[in-house]
Structures are given as C-alpha cells and as structure tokens.
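Chains: A, B, C, D, E and F, in written order; residue numbering restarts at 1 for each.
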Amino acid sequence: MKANETLLDLLLEAQFLDQVPRSGYVLRGIANPESVTEHSWHVLFLVWVLGARIPGLDVQRAMGIALVHDLAEVRLGDLPRTSARYFPQGAKEQAESAAMAEILAPLPADAQALYEEYLERKTPESRLVKACDKLQLMIKVMVYEGWGAGGLREFWKKEANFPDGEFEPVAEVVAALRQRHRERTASSPADQIGKSV
Amino acid sequence: MKANETLLDLLLEAQFLDQVPRSGYVLRGIANPESVTEHSWHVLFLVWVLGARIPGLDVQRAMGIALVHDLAEVRLGDLPRTSARYFPQGAKEQAESAAMAEILAPLPADAQALYEEYLERKTPESRLVKACDKLQLMIKVMVYEGWGAGGLREFWKKEANFPDGEFEPVAEVVAALRQRHRERTASSPADQIGKSV
Amino acid sequence: MKANETLLDLLLEAQFLDQVPRSGYVLRGIANPESVTEHSWHVLFLVWVLGARIPGLDVQRAMGIALVHDLAEVRLGDLPRTSARYFPQGAKEQAESAAMAEILAPLPADAQALYEEYLERKTPESRLVKACDKLQLMIKVMVYEGWGAGGLREFWKKEANFPDGEFEPVAEVVAALRQRHRERTASSPADQIGKSV
Amino acid sequence: MKANETLLDLLLEAQFLDQVPRSGYVLRGIANPESVTEHSWHVLFLVWVLGARIPGLDVQRAMGIALVHDLAEVRLGDLPRTSARYFPQGAKEQAESAAMAEILAPLPADAQALYEEYLERKTPESRLVKACDKLQLMIKVMVYEGWGAGGLREFWKKEANFPDGEFEPVAEVVAALRQRHRERTASSPADQIGKSV
Amino acid sequence: MKANETLLDLLLEAQFLDQVPRSGYVLRGIANPESVTEHSWHVLFLVWVLGARIPGLDVQRAMGIALVHDLAEVRLGDLPRTSARYFPQGAKEQAESAAMAEILAPLPADAQALYEEYLERKTPESRLVKACDKLQLMIKVMVYEGWGAGGLREFWKKEANFPDGEFEPVAEVVAALRQRHRERTASSPADQIGKSV
Amino acid sequence: MKANETLLDLLLEAQFLDQVPRSGYVLRGIANPESVTEHSWHVLFLVWVLGARIPGLDVQRAMGIALVHDLAEVRLGDLPRTSARYFPQGAKEQAESAAMAEILAPLPADAQALYEEYLERKTPESRLVKACDKLQLMIKVMVYEGWGAGGLREFWKKEANFPDGEFEPVAEVVAALRQRHRERTASSPADQIGKSV
C-alpha cells in the first residue's frame, strides 16, 4: 500500500517532465519547443528502430536506459549547455546521480543500474542511447530549420553534435541527414550562415 | 541508401507527432497540453515499470506495441472522442490501419505486426498497453486538476476511463490514484461537480 | 425554455471552435496558428466583400453557408489533409453530415439545408464559399511566410489550392496575390525552394 | 488592377486581427484567449441565429454591421475597458472612426455607412449587434470559468455586461445562461466570490 | 494601514504589465514576444550601463524615469504605432497622464514628477531614457531576426527608430549594432528585403 | 571599438533572459509564466518604492544589485528549487559566480562588486534586494491564484518564502498581503488545501 503510494508519486512527478522544454531551443527562440519527454520518446524510437539492426544488441535493456536517461531533469531542469563549464568538475554529474537515486527509489534496483550503465558508456547499449540522443538532436534541428528557425545553424558545424561511427545503422541515417541538409543549403544560401546573433 | 532515405523520412515525420496535442485537453481549455508524443512516452514508462511486475509478460514486445500504438495520429490528428459515433462503423480503424501501413513501411514487417497485435487485444502485452493508455489519462487528469483545470471532472465518473482489473500492479496504482483523488475532493467540495459548462 | 437550453448548449459549444487550430499550419510549425473560427470569419469577410460584386448572387444565403461550413470541426477536429486518402470513400463526409445534423438540431431546418447546399456545390452561393475558403488559405500563407514561416512553400505549387476562375472578383484578387508573391520571391531566392523537410 | 491591389492590402491586413487578443481576458490571465476575430465570428453567429427570430429584422444588414464593428482594432488594438475614462471625451470614437475610414476605403461606401449605423444605434439591426456583442462576452465568460478561470467573477455582477430586454430571443438566451450560472455557483461556493486580486 | 493597502493594490496591478505584449511584435507574428515589463527591464539595464559612462548624469534619477515610463500601459494597453495618427492631437498623451496620475497615487509626489520629466525631455536623464527605449527596440529586432522573424526588416530603414547622437556611449552601441546587422545581411540577401507583406 | 562589440554581445545576450521562465511556475502548470526578466523588473520596482522609505539606504546601489542579481540565469537557466539539495555544497554558487564573472566582464569592476555584495548579504542594500525578491514571489503567487492556479497553495505555508522583519516598509506590505490572502481563503474553502498533487 505504502509502496504503491510511493510509486504513484513517481508516476505523477514524471508527468512534470512535459513542463521541461529543451533549453537549447528555448534560448534560440523556437516557439513551444520539444519537451524533455518528447526528446526522450524520439530517442526511444530511434533505439528501437536502429537497435534491431545491430547484431547482438539487447534492445530491451537499451530501451530501459533510454527511458531513464533524462529523468533527473524533472528535478534539475534542462540546464543549458553553456552552464557546463561553470560548475566545479563533476558537480552536475553528482547532482544528477543524487536526484536519480531519489527519483528511482520506488523502482527495483536494476532501474538505478541502467542509469549508471548510461553514465559509464561501457556497454554498446549505453553508447547506442547516447548516439541516438545526438542523432535526435540533429533530426529535430533539421525539422525546426525547415519551419523557418534561424538560430540553429551553428549546430551543423560542431562535430560533437553528431554520433560517432560505432554503429553502422546510425551512421547511415547520419549520412542521409547530412545529404538532405546539403541539398537544402545548396538551394538557399541564407541557410549557410553560421552565426545568428 | 534509398532505404535509409525512406527511413530518414519516417524519423523526420515522427517529430511532427509533437505537434499533435491531445484533443480532449485542448477542447477543455488546458493551455499547452500534453502532445501525443508525451502521452506515448508516459504509456511506455508505465508499461516498463508495471510490466516488470507481471510474471511471464514480454516487456520488450509490450514496449514495441506502446511505441507504435499512436503513430497514425501524425497523419490523422488526434480525433476527439465525440467524433467516434459519427463515422461509419470501422471507418476510423480502417483509416488508422491504412495510415500505419504507410508510416511503418520503412521498418521490418514485425513493426506492423505489433500494431495489429494492439488492435486485436488477444495478448496480455497488447492489453497491458491499453490498460496503461487509460491509466496515464487519469494520472494526467489528476495533475491538471491540481493545477486548477476545471473542465475534467467528468473523467472520474466514467468507468470506461479506467483500466479493468486484469493486471494486479495496474489495479494497485489505480486504487492509490482513486484514494488520492478522494482525499482531494473531500477537502474541496467544488471539485465534486460533474459538469463544467 | 427547454428549447433555449438546447440553443444555449449550441452557443456554448460553438465557443470551442476557437480551440481547434487549423491542422495544416500546426503540422508545419506555425506558432499559435489560425483557429477554425478565425478561418471562418475571414471566409465570411471575403464572401461579403466579393459576393457584393457578383451580379445576382444572394449574399445573405452565401454568408449563412459560410457560417455553418466548418461547424462540424467542433466535434471532429480539423483533420489534416493527409488523412483524406486513408478513410474509406465517403466516410469523412458521412461523419461530417452526422455531426452537423446534431450540432444544428436546435436551429430551424434551413440551417441544415445550407450545409447540404455547400456539400453539393450546385449553386453559385455554395461555390463562392468554396472559392473564398481556398482564397483565404493562400492569403494566410502569404502572411505567415512574411513572418518567417518556412514550411508553406509547397502550397504555391499546387493548383488545387487556388479557386478556379468562375467568379471574376475572386480571380482578380488571386491574380493580385500571385503577383505580390512573385515580387517577394524574386527578391528572395530562398523563398523559391519547394520542399521544407 | 490598382484597386485590387488596394483590396488585397485590406484582405491581408484583416488577417492581423487574429493577432489582437481580447484585452480583458489577457489581463485576467486567460491563456491564449479569444482573438478579436474569434469574438467577431461568434457575434456574427448570434446575429444570424437570433436575428432570424426577430420579425422584420434585416439579417443581412445586421451581419454586415457585425462584420465591420471591430475592424478598427487591427490598427488600434483592443484597448482595455479601464482606458475609457482616461481619454478626453470622444477621442476614442474619433480615432476609431478615422481608422475605419482608412480601413474600409477599398470597399463601396455602404461599408462605411454600416459602421456609422452601428455607432448611432438608431436601428434595430445595430442594436441587435450590440446586444449580441454583450451576450457573446458572457457566454465566453461562462466557458472560461468552466475551464478553471478565477478572475472573471466580477463580470456577472455588472448589469451593463448584459444586453437589455429589447429583443425577446436574446433575452431568452440570457435567462438560460443566468440560470446555468446559478446552478454552477450553487454547487461551488468558491465561484461566488467577487474580487479576484 | 489604509496607505499600505493602496500600495499593495499598486504592486499587484504592476504584475499585470507582464500581460501586455509589445504590440508591434504581436502584429508581425513574433510568437510570445517581449512584454512591456521585459522591455522596461532592458531599458533600465541600458540606462544603468550607459548612464554610468556619461559624465554628470544622475543615474538614479534616470533609472526612476525608466521604471515609470511605460507604467500607464497596464491600464491603456500597448497601442500600436499605427494608432497614433487617428487620435485627436494630444489625446493619447492626455490619457497616459491621467492614467499615470491614478497609478502613481500611492507613491510620493516625486514619482509623478519623474514621469512629467520624461514627457518634457528637457533633462539629459529623460533624453537618455528615450534613447535607450529606442536602442532596446533595435537590439531586440536584431535578436528576433536572428531567430527567423521575417516581418521586422522595415525597422532598419526608419531613421526615427534609432536614438540620435546626443550621448556618445549610446552612439557607439548603435554603430556596433548597425555594423553587426550589415554583416548579417551581406551574407544573406533575403534579409535585405524591406516589405514583408 | 572592440570593447563596444563586447558590450553589444552582453546587451544582445541579456535579451535571452526573457526566454528563461521561472521554473517554479512552469512546474506547477502556470501557462506563460513570468520570465526571469519580468521577475527582476518587479524586484527593481519594489526596491525603488520601498527603498525610498528606508532612512539612509542607498537606493541607487540597491537598484544596481537588483539589476544584476539574476543575470547568471541567462547561462545557467532557472534551476528549480528541488535541485538545491542534490548539488555538492557550494557548487551552484560557484557556477553562478563563474558565469557572472564572464557575463559582467564588459562592464566596470563595480558591477561585479555589486553581485558579490548580494551574495554576502552584509549590507542593508543587499538584504533589501533579497527581501524584495521574496516579496515579489508572494505577490505573484497571489495574482496567479486569483486567476485560477491551483498548484501554488503550499507557498503560503513556508515561512522562508516571506522576507523577515528587518525593513518596516517591507513588513507592512507583507502584512497587507497576508491579510488579503486570509480574506480570499475565508470565502473560498478550496483555497485552503495545501497539497496540489
């Protein structure tokens, strides 16, 4: 009984993740941008679609990792990237871990283990989630630019925004996306400008 | 190559699911309500959390079902419930199936099979997804009412809005949620009124 | 007394039409786009302005048609165009008619007759409403593109988006609008690109 | 040709009326409230429905009056009611008339005459539009309060917010609306409080 | 006691200034644009930063002027610029002054004096506030255009939108801003077009 | 020249503060809540109004402190309160200070000194800003609850949300605000409930 009340609290609190917009988009003037929940769904979808094409990968575990990987943001918010270099080393990770420990408390211990697996990036499953996390970013940027957003051009120039080449199915989607982007900018010189402000 | 272009199109189009707000909330004046993507993430989370407590249930397959179950709405929109009784029998289901066949075309055939499994409700996995679909609705209603929404009271009175008792872990959360709701309305008589307009 | 309660219900429900955004804009990332109510007002305005320039046209009846022509969307939502080819033939029309019959029930029978006249397109009044329905779409597209929207370029390439030449006053506005659009794209090559994603 | 360019300018500018939210709602915290365009559509609908029940009333002319009655707000904005007592006597009316003269310039002179008829309130048609303008306000207030709005209670206490008894079909709707409101507040004491801040 | 109730009313009402979006942006389709409160904060920040570089300027008094200069809009709304030429001469100023007299009543008389100082523009402090009021407009236009807004290009062509050269620190920022704008439009021809609709 | 480019960058970046909504409101479902810029303006207004009533207080310096006190949020976001207990001790303060040092770099050193003064709370000026920071929170909560917000009731129960009694003019406003709140809840029992979810 008490346990289910605690579980209910977790399920209610998880709804608040919809109220956390992705800060990078907000700060670049995207109206009503993707929430962390929406980002997380798309990462899950990518993991499910692309994970099935990677021999030997445990898709169910990868999906569990994807489900929990951004949950801490319900208590920490989505800190903008610019914030990273101001915190003392390891402080954000420590805060995230502490928040996750509380958030996941009503769940069996393996939920917590999945989050730690994500942090360590030692398994292909955790690295696939990270790769899909990045891939989803660039797919969304492509969509927002198609709608008229002008402040995202710099994203294409930063190699770290793209997943590395570890997983071939991921790399193929990246290649197709880059190609699509090249075709767009070829016909629209304005889209080539790097700096928006 | 061509295949990945098609896959890319699917991944780009999936982002548009964020642009489909849940119509029941929109029509009741909830500002910036849950998108179909957000609803779907929460259903997935419930399936993952509660499915693990159901002996013998194939959680990975249930998560696949949850991932695809609302995808057709990217092309059909989220039709309000009131629309159901106006369409000729089976028309909406036929439209959804036709849309799904096209949307899922770039994926292996088992994606399509998961959707059909969901429609038939013959397996525990498909029924768990449906149960979590309903449970998530009532959890969100609880959250929105806590924020001040006045137009959702009728949801608590319609038994069909709640999952049936097939899965004990689901039933326990439902019981905790109803209890929480009773406590709230006990202290606030205004919350007992059924009709909002 | 009872009748006015029913009429009151209709008048209250009509307010909900403001909560139905035009789906084509939502799916192309227009923030806070036109509602069905707003679209309908602009169609009415066009019918009133242009109808007065068409000899022999019954403007009052045309305005009645324009007032009712999208009312069903308060119960069906604004289905995206992509949905059209998935429904069995005639299903959407049947749903709309069934919804309209209920919505218009508190009104005299001629309200229903106006809607049927619109569906049949046999009278100049009904065809003028349809022509203005299309013209308003392209006028709004012109406005949204001026504000920076990038996802609407394809609208200009589809001849079916424009009214045909039946009514000269309509055709003159269409010609002026196309001319204005040509001037804009001539000075801004980026606006010539057809595909946004 | 030149004339139609001017007409096109009017039709384009009219779209901007959607960008003018009703200030009374904005200032009371209604999220995404009714635009002037939406208000105007509902007034038109009321005029069309109720005007048909008033013997001898020229519905077409009344609809024309309703179409133009708020057009000046595209250039003046929707001034909050509180502003009225600060302007020198007649200044707002003079500004509205001056704006209307320019806005309606591309139309035949009878458009301007309809606006003047509205200002004078000497004809039943102009008074019906004013009555429906008020009635629509209170219908929308009823809807917004049903959704949870807390800042609108004072509207029910000010007799001037309601149309007078000149037109029986209007009075019947007002009576039904008041009755509905009494039923709601009877079951919810919180709705009886007058002052929101 | 009574005095503090009145002061409280002022402080509560001041919060409503957040509900007044800057009308020029709204009418050009900027989603969720700057409120009058936000504009006013940025003007204050400019006055504080640039005022400190102007020898002999009384920064504290300039900040007081900046704090009150737009307060009347909480009761009048933010009238669009187009409205200016429709009001009888002096009517808007008279309305603003009348509103300010009431709004500032709970404060000592020097608050009222600051507003009058602003209207007269006889002191450097009042002229600096006006200069920063204009400078802030163009800085925000730069930001919104960087995000993709298409309807603001005309602002750059109207000399009256820029502060004059009275204050050197202001003039230096203006020069840097114009330079930044030239660089942007040089690389993006589309940004050079003047007319958006 | 270079210096003014840097100053321009600061002024442009400051505009982004409008894009940082106050997280406490977002997480409680307030639609379009106060931005950090708006909060900061109201704090400034309180400091200006109440500071003038405190003998010997340096209002200009207090206003400078108020202007800078939340600037770091343009790079860090507005971290929800819940986040506080997860970060290692002092980490957030360290991040804020590091961000402030960069943000304020284009300004004279005394800007930085004002921020440090705020952190230390050793002067009445810095403590007044903090007192007004709290007072503004509760004033806004009063406004949002008047509009129908249901999730903010807990704010009234936490003594730490209110300024202490150091400054009499602040304490008088607090007393008036509490009195106003008591009157509201006396007539509306529903407003007395503490827990919203």
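Quick notes on this one:
Methods note: contacts are C-beta pairs under 8 Å (C-beta built on N, C-alpha and C of every residue); 3 or more make two chains touch, one makes a residue touch a chain.
Quick caveat: nothing in here was measured; it's all calculated off a predicted structure.
Both chain A and chain D are touched by B, C, E, F. With chains reduced to the mean position of their C-alpha atoms, the one farthest from chain E is B. Averaging Cα atoms per chain gives one point for each, and the point farthest from that of chain F is the centre of C. Of the pairs listed in C-D, B-F or D-E, the one whose interface repeats that of B-D, with over half of its contact pairs matching by residue number, is B-F. Rounded to a whole number, the gap between the C-alpha centres of chain A and chain E is 39 angstrom. We define each chain's centre as the mean of its Cα atoms; on that basis chain B and chain C are separated by 31 Å. Per-chain Cα centroids separate chain E from chain F by 22 Å. Chain C and chain F have centres, each the mean of its CA atoms, that are 47 Å apart. Among all residues of chain D, those that touch two or more other chains are 12, 16, 29, 31-32, 142-143, 148-150, 189-190, 197. The complete set of chain-chain contacts reads A-B, A-C, A-E, A-F, B-C, B-D, B-F, C-D, C-E, D-E, D-F, E-F. Contact residues of chain A toward chain B in the complex are 1, 4-5, 7-8, 11-12, 14-18, 32, 34-35, 37-38, 40-42, 44-46, 48-49, 52, 59-60, 63-64, 67, 107-108, 139-140, 142-143, 172-173, 175-177, 180.
The residues of chain C lying in touch with chain A in their complex are 28-32, 148-151, 189-190, 192-193, 196-197.
Across the complex, chain A is touched by residues 31-32, 142-150, 184, 187-191 of chain E. Residues 12-13, 16, 19-20, 23, 26-27, 29, 75-80, 82-83, 85-88, 91-92, 94-96, 98-99, 197 of chain E are the ones touching chain D in the complex.
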